[in-house]
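Consider the two complexes below, in which chain A is the common component and chain B and chain C are the respective partners.
Coming up: the complex of A and B.
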């Protein structure tokens, strides 16, 4: 308890100090990380705690975003809802859509539920470009952050603190929800809904309430993105947004409260860091997700527990070197995979194929700052050696840790 | 009149095509209780395999090879991915197939580019079948419909008239009992998964040449197929057929109707008001045709949550 409290306070202090430590570009990335973290936490209330897999959460995010952009244009940052309170509009929109969609979707459970959520999101995605007045068509709708409360929201730092405040407040409320009787019942919904019904609870209403609360906080996340970007476009309804939040949450681990938030922050940080270097980031994200699903069902936060178990079983003196070996093996495998994917991506790209056709030979490709011949032995030996050595080390470390 | 007839035919054939994909999905679901999110990815893989191979083999053999390859990928997915996580439960399996579908789409974007590829109907099949009035009907559409019908007949006969079919059907209802009788149920699962994937691959290889072959095709048909299985009733082959035809006809007929809700209001004299309101009221039905299946699904959920022919809730 003491250590987790210390970790939490340390994390908060770090988040509060970030604007002093980071450049404006990185601070923007941090804003996106916070928003992704909130979105993933809102999603996991439904997917993790209530056990209802939604594949269409972009709908609630997007509705929150559009409600906010219209709200900002309509109220102009004055009156009852100045700019810092704008996310309330997104929250209301997410809540309303969450109630409506949740009423439909929770008619069914399990697999059918997942498909209905997907279809509702696709319905909005198909409808949005047609309704130009509401969703602005291709160009979207833009707005301005109006000054309020003596702040002008011109600098990234102010936007960052505004986002941070909303994200922390929302996370606190979400955590509070897990402690309330309603939150406990949500957990019961996942474990045994028949028994809940037998005990006299209205299962459908419970499901709708979990769905609506999840929609509400997704709407807040959408609203925060509009406040940060000052615009909204119908691509927020894209299936990729829904897929991203599923991937992030499960990579982090939905069984722990902060798992999805950490997963989302980690993934969006990497997405920002490598977006210039590679076009295959989404592929890596998908591969990581499948690996987590197959070998670490608890998510990345489960790794800490597994390491602690290894230490307590074998003793620190034996376990720590083995864990380090395991880490090296994973890094080697990752390096080999990245090498192979990047090489294939370059060899299959349009430019390269046009070049190869013009030259009637296989020209070399540039990768990691040097040039590689396409048919050279070294080019293909690198990934093979990396993957083979990583695989062998991993097999050894796993057997020794067992 | 011509337009209506052509619309009906187009809708029928599009419905048959959706059925080709959803048949495998609903079969796998009925058997293993797994909704295979990656099912539409096999459809896309079929199209891309056929596109890649047609230069080497020619169109016909490429379609056959693509079908077999898609089936092989399906069998590998079942054997080495799904079976490993089976003990974590169905939600976990659904998430795993979701991840796989994501990987397939991203890998195809990486290898073939994030745009439609030049996969088209071969010249000898690219002609009119018959002419009504002044319009010609493409031969290839009839071919697609024919393949779907032949496939449905073969599947039906295989399931109801052969020994393999008996084992498969009994493995759907009582897998443990079938196992106790000495049949290799794991192999049956892998086989059904592979056949379902192969059917989707065949549909993709054939339809990809007529429609567009792009990295988005899996999502487009996938969502449609999910709507079909919800509307028809999960695990019901007949329901899948009914819902596929319904959705095919509905979408293709709606494209031809240039009316909006405002026209409806005009009947009671409120047309000008509706035009003034705009938004949903002035949207033409033709531009809404993509959203109609979803509306149908919500309607079905409202009045008959278990689906048209489903019995499980």
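Coming up: the complex of A and C.
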């Protein structure tokens, strides 16, 4: 209890200090990480705790975003809803769509439920480009953050603190929800909705309530993105957004409250850091997801539990070096994989094949800031050595930890 | 004589061409313990599903405490004061025993689905949950995951969840199935204790249990009640002996 409180306070202090520590570019990335974290937490209320796998959560995020951009333009950031309160508009939009869509979707469970959520999101995605007035067409709709409460929201720092405040408030409310009767019943819904019915509960109403609350906080996340970007575009309804929140949540681990938030923050940070450096980012994301699902079904937060079990079984003196070894092995494997993927991606690219055809030989490729000959021994020895040594170390560490 | 707490009139249920329940009339008095016996496939579980709202009848009516509840949703019937257990254990396996019972007890709170109050601050909820746990002697197992309980403990948990709504009529579907003799004795005593003052309709294959527990017995054969009477009357009933008990004795 005390350790988790210390961790929580430390985390909050770190989040509060970030603007002093980071460049403007990184702070922007931090804003996106916070938004992704909130979106994943909202999603996991439905998918993790209520056990209803939605494949169309972009809809609630997107509706929150567009409601907010229209709200900003209509109210101009004055009157009852100054800029800092704008996410309330997104919350209301997400809630309303959540109630309507949830009323239909929760009539069914399992695959049918997933398909209905997918269909609702795709419906919006197909409709949005047609309704230019509402969704702005290709160019989207832009807006301005109006000054309010003595703040002009001109700097990234102010936007960061506004986002942080909303994300923390939302996470606190979502956590409070797990402690309420409605939150406990959500677990019952996942475990055995049939039994719940014979205990006298209206299961459909419980399902709609979980769906609506998830929609509400997804809407807040969408609103925060609009406040940060000062624009909204119908690409927020893209299936990729729906898929992203599923992947983020499960990579983080839906069984722990902060798991999805951490997963989403981590993945959007990687997206920010890596997407400029590689064209294969989506491949890495997919591979990571498959590996996590195969070997750590609890998600990355499950690693903490596994490490704790190792320490309690073998004692810290023996377990910690083994865990470090395990970490080194994973890093080696990752490095080998990245090396191979990047090499193959360059060798298979159209540019390279055109060059090779013109030169009638295999020209060298540039990778990691130096040039590698395509047929050189070192070029191929590196990934092989990395993968082999990583694999061997991993096998050893796993056996020793068992 | 009071009006019956449960009254079935001309109840029929078909699945496609097959008629499983073929005109059942049954009346249960308040506070009565009634056993429903019959060979496999007679329709006992189907009858339970019809009464509790899990299935809708094809024809006929069901009245609970003078109100027509035919075709009502299960949760609505439950709230009137009719609770049931299931033949196949039906609990929340990945939640703790405490949480299982708390979810059942929670329903009796004025705002059972509130999202603005903490569940551990609801007045009386914890006490009521603990009381029920003690009543079925699961108190030492409160923190265990329900799925990790022994079979007979899970049956006790089922009974506790059924009791949580303080029902006036309890339906128990084969509560002793798969139990050892010792567990059966224990569960029998438990059922006798917790159903005092309530009406009980129980399906059970263990004839010792049936004859010692029931005030009256109804015999269901091929979707029809062929006899109703006290244990002694049923023992002597010629048709019942031929249709059912005779086989049982011979076996």
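Here is the rule we go by: the second predicted complex is superposed on the first by the 402 of 402 C-alpha atoms of A that agree within 3 Å, B and C clash if a C-alpha of one lies under 4 Å from a C-alpha of the other, contacts with A are read in each partner's own complex, and residues count from 1 in each chain.
In this section, contacts are C-beta pairs under 8 Å (C-beta built on N, C-alpha and C of every residue); 3 or more make two chains touch, one makes a residue touch a chain.
No experiment lies behind these values; they were computed from the predicted model shown.
J.: For the three-chain arrangement built by superposition, which of chain B and chain C touches the greater number of chain A residues?
T.: B
J.: First (chain B), second (chain C), both or neither: which does A:230 touch?
T.: In the superposition, A:230 contacts neither chain B nor chain C.
J.: Is A:294 touching the first partner chain B, the second partner chain C, both, or neither of them?
T.: A:294 sits against chain B, while chain C stays out of touch.
J.: For A:282, select first, second, both or neither according to whether it touches chain B, chain C, the two together, or no partner.
T.: first
J.: Name, in rising order, each residue of chain C that touches chain A in their complex.
T.: Touching chain A from chain C are residues 52, 54, 73-75, 78-79, 83-84, 86, 90-95, 99, 102-104, 106-107, 109, 111-120, 122, 161, 164-165.
J.: What residues of chain B sit close enough to touch chain A in their complex?
T.: Chain B reaches chain A through residues 29, 35, 81, 84-85, 88, 90-92, 94-96, 98-100, 102-103, 106-107, 110-113, 219, 223, 226-227, 229-230, 234, 278-280, 283, 287-288, 290-291, 293-295, 297-298, 301-302, 305, 313.
J.: Looking at the complex, which residues from chain A come into contact with chain B?
T.: 51, 53, 55, 104, 107-108, 110-112, 114-116, 118-120, 122-123, 126-127, 130-131, 133-134, 239, 243, 246-247, 250, 279-280, 282-283, 285-287, 289-290, 293-294, 297, 341, 344-345, 348-350
J.: Within the complex, which stretch of chain A touches chain C?
T.: 176-177, 179-185, 187-188, 191-192, 194-203, 205-206, 209, 213
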